[in-house]
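For reference, the structure I am asking about is given below.
Chain IDs A, B, C and D follow the sequence of writing; residue 1 opens each chain.
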Amino acid sequence: MSQSIPQTMRAAVLHGKSDWRLQDYPVPTPGPLEVLMKVYACSICGTDPRVIRDGWPGMPPFGSFIPGHEYSGQIVAIGPGVTDFAVGDRVAIESHKGCGHCLNCKQGRYTICLNYGKPETGHRHYGFTANGGYAQYAVNHVSTLYHISDSVAYEEAALVTTAACVHFALDNVGGLLGGETVAVLGPGPIGLMGVQLVKALGATKVILTGTRHERLDVGKALGADVIVNIHEQDAVAVAKAETGGLGVDLVLECSGSPEAAAQAIEMCRRGARISYIGDPHVMATINLRKFVLDDLRAAGVRGEGMADCRRSLALLAAGKIVAKPMITHHFPLEEVNEGLQTFIQRKGGALKVVIQPNG
Amino acid sequence: MSQSIPQTMRAAVLHGKSDWRLQDYPVPTPGPLEVLMKVYACSICGTDPRVIRDGWPGMPPFGSFIPGHEYSGQIVAIGPGVTDFAVGDRVAIESHKGCGHCLNCKQGRYTICLNYGKPETGHRHYGFTANGGYAQYAVNHVSTLYHISDSVAYEEAALVTTAACVHFALDNVGGLLGGETVAVLGPGPIGLMGVQLVKALGATKVILTGTRHERLDVGKALGADVIVNIHEQDAVAVAKAETGGLGVDLVLECSGSPEAAAQAIEMCRRGARISYIGDPHVMATINLRKFVLDDLRAAGVRGEGMADCRRSLALLAAGKIVAKPMITHHFPLEEVNEGLQTFIQRKGGALKVVIQPNG
Amino acid sequence: MSQSIPQTMRAAVLHGKSDWRLQDYPVPTPGPLEVLMKVYACSICGTDPRVIRDGWPGMPPFGSFIPGHEYSGQIVAIGPGVTDFAVGDRVAIESHKGCGHCLNCKQGRYTICLNYGKPETGHRHYGFTANGGYAQYAVNHVSTLYHISDSVAYEEAALVTTAACVHFALDNVGGLLGGETVAVLGPGPIGLMGVQLVKALGATKVILTGTRHERLDVGKALGADVIVNIHEQDAVAVAKAETGGLGVDLVLECSGSPEAAAQAIEMCRRGARISYIGDPHVMATINLRKFVLDDLRAAGVRGEGMADCRRSLALLAAGKIVAKPMITHHFPLEEVNEGLQTFIQRKGGALKVVIQPNG
Amino acid sequence: MSQSIPQTMRAAVLHGKSDWRLQDYPVPTPGPLEVLMKVYACSICGTDPRVIRDGWPGMPPFGSFIPGHEYSGQIVAIGPGVTDFAVGDRVAIESHKGCGHCLNCKQGRYTICLNYGKPETGHRHYGFTANGGYAQYAVNHVSTLYHISDSVAYEEAALVTTAACVHFALDNVGGLLGGETVAVLGPGPIGLMGVQLVKALGATKVILTGTRHERLDVGKALGADVIVNIHEQDAVAVAKAETGGLGVDLVLECSGSPEAAAQAIEMCRRGARISYIGDPHVMATINLRKFVLDDLRAAGVRGEGMADCRRSLALLAAGKIVAKPMITHHFPLEEVNEGLQTFIQRKGGALKVVIQPNG
């Protein structure tokens, strides 16, 4: 190991529900097939406030658990067996590492590993069931690492799973046929990245729906052709009108609202696909009759998958999608709680808030 | 044309809502790419009573419309351009013929043709928007015809879309991986054929749920490993218990009950697939959260598709699936209304009722 | 029909092998589901010289056959049953119209219709087995029409199948995973469009191989990251070196050279895919051992398919791919033979040569 | 660990090229996520003679290497972290264990792991780069284990990858559509299992080609509809004649003969698929023109994959495919060399030869 690695670091450790403290913490050592990285950017995801408030099933004990699952950095040490990564490499991570041997993992679906939360089987969910990125250093298995192009900044790369999640959503519903009309429901980070991605892949018309004018305006700037404030317009009627009455070819439900979940079906043309990405936390009441008679297809999307971080970083590097316009705030690690509050309360129109543990 | 074809035939014609009459009717003439068949079997489908009671959007005018969409017979005349079928051929039909040139048809999804109900575009839905099989003769486009093996009886072949619908359901959810555990909800004709099909394709354990003991018993005889009367047992709990707590790999929802639609999701292991085949006619309230977090996939299935009638007839011919045990009653065409009542009221445990227009 | 349509037009008619004559010809009348268009651009494809020299199986008789299968124009009349297109619409065509009812057509693979060349079944291959676009007017079935965005010029739209062919190639090999390294063999029109497409869809590194410096330079300008003149460098060695020794993820073989067909396999990493688009006309000797041991996959591509013209036009309209830099020459219809010679002899670096039948 | 496990066992150890010796050997200890099994059956595969004659890249050193990759047995001890298997379980194995973190593994393609032969990355190929089954005991990672139904004998289960390889071949070419005509080239174990599998999945007509009457007769008994001795008949002509001139829908090339590899293409109807399973060891000269113009698809198949052992064991348990008729000889471990010679020289019509290390 290089001599420049200190023995302790600063980290934001969860000591109890809603008890998140900055403190010194031992710098971890990479084991077999693991690397140690110096974390340069860790962005706050909508799941983080819940993890900090409630904890997470299978997390490390209070007092030792470091959350954070959207991060990037530079490798400073490697463990035994690592051949594809070296000290000095710039990398971004995905948070899921499957056990590698359950039926789902063997078929390439590692984000829904059947051994979730059982570390003895090899499963890891960084920032949830293993320590994550709100710290100066972090250890990751090579399975979760992706090289970053020199042209992509650490803070942009930290958002890679935001894009990869939408990429995986497209995979799961059979891809996007260029020339299609796509409805994106919910102008949060996932939805705004979704707008960009489907435009980059050839969607002709993208309809973005939401409730906040300022976010819809960001969506418009990022490529949405039609924006609909559902407080003012009937989203289903607009979707029909914009498609000559047929309905859209694809819906990305990114809001998590049960009403939007139902609208997604009503907007569809015969044979359309729906990707349910937003987690509604409650039951949803839907028109299953239309779903059946129109041969609709739907897929739930827990997160990234299929190594789609790789393609997302490639599109970022090529400038076909951008992350910077979605990053509204930066905080040093010492102000992580202020960053969290900014994100939760959407202070100053906060969209993505990035913590920078190493300045 | 052969001289043995009469100018008139007996047919069951819809004269108004719930006004279905037997009468003489002109034998139709096959146009380009059409054949005329002598109908030997037309089975009653659950949709027929509704068509007869309410009519159907785009149907021929009252007084001229012959319903019936599950039929088979022998070709007695062919129209211009027919090269793949000849007089004397034994054939079964599927009811959907797409326009052939809309986006869905060009991608092979002719059952959800975007020109449904517009005959001028070439679309036909026999027994719905074009005349069907409750008659001694019927005209069909070659696109809807499939040869029957000599070893398959007309009445068995008349049920081909019952099997093809399940085959298409499997296609739409990415197939069946042998060794999987499958839950089939609803022991009607579709569900009972579903039990047979998934067993034929290598499912290890099939759990069939329903409310009627006698139908569940038929399911058991046709291959179901576990039967659950939901008036007596919790279907979700059984599904979990039978899979070591994981949940099943695939659900075929064939009942059309909104409660079953919701149970389908609860029964799933992470990454499982659901085929929604039953039409619930009402809204369904579902656990979309589990759908999202477990990367579930679902597909609605309107009917047969992808030329899956061909594979269904092949499995019938090979004896891997059977239709006869599901056929409980036969009626001549003159007693079609008695057949219909037997089916609707499930007299004598009626499951599939076959009308034989030519004895 | 509009009064402005004349009764005769100018057309380039094949009177015998290599006997192609400009003459007056009756303007055709659109039948059911057909339109009549005024042709504004018809580009010369590599197949045209062969059709003109040798004829084509199933073509209309010498003296009546008008070749040309890459064209676009404006609709001036519509036949019975046409609902999705109207007089005045700007449209591009694809040359294949399947019969719509064979097994391949029913599964959406209309370019390999099993009734190819049998017009009585409904099959058409415009410019091959039916009249095409080297004329002032042409009739097309709606199945072969695609609307053109106002921002796309007729001559650009005439090249739509060049792009659609590569799109279909990607479909047939399971798509492109962004971030992949792609080798494109052969810098002809298909290869140059291939370079653009895979870059537009997120390929990180594109290696273009060929024998002519000027065409390779066009490829470089259109996005190729690495160009290889195979007279000067070993293409397989370069492909390995550019991928850290692994081999490329995807190969598009667009040259039709049997040597390139063999190199395609040698360049592959384990699990890579190969799309064979170029027609070699001769046998090819390949390393099938590597194909087997590395789980390689290959797909032949006859032409466009899956309605991929739609997505190609969408990418053209969005500026993600361009056609103009590939169009080197224009000729009026009266100089069609000069255009043909320019194309065949590659005069003035001819790449795509466009005939403009209506000025 | 149970007390009944001895410290040494009998094993067949490779001491040099073609120097394979029976000897005492330390019983191995299972590490994390590994089990120790008592081996009851290890069948000889066509690759074994080559491994024994030439060694294998990445194998353990001469003097310590135990070959054998088709085996089954009972678990007698488990290592740390094993949760899905227990002492007493009956299991069969697949030979490939991917590293779990390269791009191919993350997409579920572990048999073509990019870290093949690098044990430090976690990759194992039992019987090739790690010790295998010609021994009384063997250690395997849980990733390679499958439970055996009580109704399946150890020797049958030992052949699981023979079936799984064909299952994976079907996956890789997009599955089998029941009702299809399939040509199987080469009546070795893979081909004979292929005949059974495609019949079990609904193939209507199976054409088996080969050079030995006795093996073709076994194929006939196992379900082939047409057998062709290529010394007596033209296999391509038969395939065409049996399909009304169209060509077959699917070819499984299991012979490894370059002539058969070429015939596979000639036999195809438009749009057909070819699975190349046999390894020809030499170059093959093929009609790539037909491959391109008919939109053919081909996939190489290195071995099993996608956890297809599971579905193969399910079909074995259900009696839909059988292994016993293919097992012609049994030998105790002490006579392993006699077994090998019986297999190589095809003594007594040897097809599959099973070694029984524990009687």
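Everything below uses one rule, namely that a residue touches a chain if its C-beta (ideal position, glycine included) is under 8 Å from a C-beta of that chain, and two chains touch if they have at least 3 such contacts.
The structure presented is a predicted model; accordingly, all values stated were derived computationally and were not measured.
Steps from chain A to chain C, taking the shortest chain of touch contacts, total 1. Across the two candidate interfaces, C-D and B-C, the one carrying more C-beta contacts is C-D. Chain B and chain C have Cα centroids lying 40 Å from one another. Multi-chain contact residues of chain D (touching two or more other chains): 109, 307, 310.
Across the interface of their complex, chain C is touched by residues 33, 80-81, 83-84, 98, 100-103, 105-110, 115, 118, 120-122, 141-143, 306-307, 310 of chain B.
Of all residues in chain B, those touching chain A in their complex are 104, 109, 111-114, 116, 172, 246, 258, 261, 269-271, 276-289, 291-302, 305. Note for the complex: chain D touches chain B at residues 167, 175, 177-180, 199-204, 307-308, 310-315, 317-318, 320.
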